[in-house]
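This is the structure, below, for whatever I ask next.
Labels for the chains are A, B and C, by order of writing; each one numbers its residues from 1.
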Amino acid sequence: MLEIRNLSAGYGSFQALFDVSLEVAAGESVAVIGPNGAGKTTLLRAISRLIDARSGELAMEGRRYNDIAPHEVVSLGIAQVPEGRRLFPRLTVEDNLKMGGFTAAARRHHRERLDFVYSLFPRMKERRLQLAGTMSGGEQQMCAIGRALMSKPKLLLLDEPSAGLAPVVVQSIFELMKRIRAEGYTVLIVEQNIQQVLQVVDRGYLLETGRIRMSGTSAELLASDEIRKAYLGV
Amino acid sequence: MTTNARRIGLALLALLLVAPLLGIGAYPMHLMIMAMLWGFIYTSWALMGRLGMVSLGHGAFFGIGAYVVVMLWNHFGLPPLAGAIVAVLASAVLALLIGYPCFHFRIVGHYFALVTLALAEVVRLTIVGLRDSTGGSLGVTPAPGIPAGESASLFALQFSDRTVWFYIILVMWLLSLYVWRRVDRSMTRLALQAISEEEDAAASIGINVPRSKLGVATLSAVMTAIGGVLYAQYQLYVNPETVSGIAISLQIVFGAIAGGMFVTLGPTVGAVFLLLLSESLRILVGNQVHGLDMLIYGALLVFFIIYMPKGILGTWLEWRERRAG
Amino acid sequence: MEFFDIFLLEAIVNGLLLGGLLALLALGLNLVFGVIDVIWICYAEIIMVSMYGIWWLHSVQGAPLWLAFVFGVAVAALLGAALHHFIVRPVLTAEPINQLLVTGGVLFFLQAAATVVFGIEFRNIGIQLPGVSVGELYLSMSRLIAFGVALASIVATYLFLTRTYIGTAIRAISQDREIMPLMGVNASRIYLLTSALGGALAGLAGCLLVLQYDIHPAIGLSFGPIAFLICVLGGLGNLVGGFLAAFLFAQFISVGGFVFHLEWGYVLAFVFFIVMMFWKPQGLFARRQ
């Protein structure tokens, strides 16, 4: 579904990604793991066209989309839950969700999508008129994910969904990932929490200092010596 | 400054010093006087402006300078030289009064600009409101003070010979450049540069931010007030709309920025530019269609801000540097 | 003694009526600033242009008044959008001072343009609405209408901002511009729409002012500064704050002008503003930025 070929990207004179290639097939859930500063967020920004690709190809369902405007990416079926949640703090939960379903296509199914998100997150329904900025980290994460789901995406991107959350909450977030997978969504997750994320995805890529160093099924990655020594403290 | 530039500069200065003696007509001399006067005023504003304290209210100080001397002369016979001291004190007090809380509470950017705008309007409205003494919107002229048979009066600060004004304003203008240099070179300037860019960092290394800002702001205000005094005594007519309020405040800002407020001679270049612009437009066009000159003026100002944010001189210097480097 | 009370009461009521109008002025300015982070120094001049537009279509071309009003609002909306697209956009990434100054340049330009096209004589649409007696008070009908329309527009704008998708997007973009593309929102388009809306509100204010005042190229200078100060007082970008501050300010102008002489009301209001700046520098009801 998503094909990234030889992607290079960066900020000004600083290059963050070098020749990155990955793909996500329909129905799969894939993780991109790696340490801080590896370029994981840059990768997602490039996929969502928030930054330009310096070279390489971005393709969705076989169609190259390097040149489309950033706000058209949602219409391709790609929705992102950005790093740090990035909810609109002074809008209500419901208004935040509304923004997720802003495109014309999404608006047609607004009611249906809203019901779906509320069924996934009953707590959000309770708090629908609450200002998003006043909620706890975990609740905000739920809202952010729900917001991305409002556009009925084909591919859901998640940027470090567990960052900054208490361990108990992190647990529930990964449970949520499993559920979303079960609903049939194609997911690409970027995470530092390697142990937990590999439990919920099919495959993974290891990104270090802007390059893909390794890839494989989650079982393979969990078993690999390199990963175990460097990241799992074994 | 390169030695060549220095030589050219000195030559021009020498030329300027003897200009009145070269038999220049009244009108060109008037233009030169106005150029130097506005150069003086714009430079005074730029003292603050370049350090991030953008005031849209210098019309307040200009107006105070102009009206205080004229009012004290007309109503109490106080000689303008003494009146100027009163104006200076008044503007200093006002600057301190407004500046102290502003810098103390870190009122910056848009908020600061709008507070100063309010100030300029208060002064304008006060002048208009006191119409019984000030003549309101009609303006007022200083009472004639030159004794019969003579051509000048230091007491009344009125001179019928334009040449005298030429030299007075020339000296004041050079003084403003000198002040600029001094502020620029002193430790304070390095400090203030740091301040305009990063207040917290500056404060953390012990620079007393509010006090430094206040000093420069007060200096700027006082000099502008003196400009007002000179203006009133030279033009012999003042009007609340032209010497106070938002219009003149904006003009001052434009003049300083059009020339380039980060360079010593920038504001002066701006003054020359604006003067030539408004005069030539007035001659070419102003008499046929009322307001066409201002139209082009406004359009050019917009153009300048968008395409030459460093001003004429600033952009030219930058271009030269880039060519060299 | 009785007369004094009545006139004071009238001043207070007139202050309320004025407050409604000023609140409308503040709304447009606050909207643009809150969303785009730019102060349109030429805001009052947009109002002036719409007033001339109304006068021209109605008094010169003979069109019915309601059509002239629609025209006035449309012209102002277009002007707002054009202002943003051609003038503000290039300096969005520059120093805030440049943004202030560029709209200052437009102020001069619009004033001059009005002078060139319409001359410096005072114009008037020649509509004289009767006074109205409310109890023992004698009030101006045009002021009452202005108050009503202003309030209705403010409510309409509020509903627009809270109930519609675009309105919600406008509120959202002022809170986090960067992620708007992730929502499928074209940020530049929202800015443009906001500018058009700000212009339209100015045009609406023009419709109301044209019923009460003469038109002159420089009238923007009479109420422009007031509008800015109200916005700052209420907290720049704070729509509710601006609304409340407008009424407060209007009371100072009205009652102050009544107790002292006309201009002194304004002076008092301005001085009040400066004092307030020191008590609450971020505005009386500031948003936490």
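Note that a residue touches a chain if its C-beta (ideal position, glycine included) is under 8 Å from a C-beta of that chain, and two chains touch if they have at least 3 such contacts.
Small disclaimer: the values here were computed from a predicted structure and weren't measured.
Taking the mean of all protein C-alpha atoms as the reference point, the chain centroid lying nearest to it belongs to C.
Compared with subunit B, the chain whose C-alpha mean position is the greatest distance off is A.
Averaged C-alpha coordinates give centres for subunit A and subunit C that are 43 Å from one another. Mean C-alpha position of subunit B lies 31 Å from that of subunit C. Distance from the subunit A centre to the subunit B centre is 57 Å, each centre being the mean of its Cα atoms.
Against subunit B, the residues of subunit C that register as touching in their complex are 33, 39, 41, 87, 90-91, 94-98, 100-102, 104-116, 119-120, 217, 221, 224-225, 228-229, 232, 236, 261, 263-264, 266-267, 270-271, 273-274, 277-278, 281-282. Residue ranges on subunit B touching subunit C, taken from their complex, read 54, 56, 98, 101-102, 105-107, 109-111, 113-115, 117-119, 121-122, 125-126, 128-129, 245-247, 250, 253-254, 257, 289-295, 297-299, 301-302, 304-306, 309. Only residues 48-50, 69-75, 79-80, 82, 86, 88-91, 95, 98-100, 102-103, 106-107, 148, 151 of subunit A touch subunit C when the two sit together in their complex.
Across the complex, subunit C meets subunit A through its residues 165, 168-169, 171-172, 175-176, 178-187.
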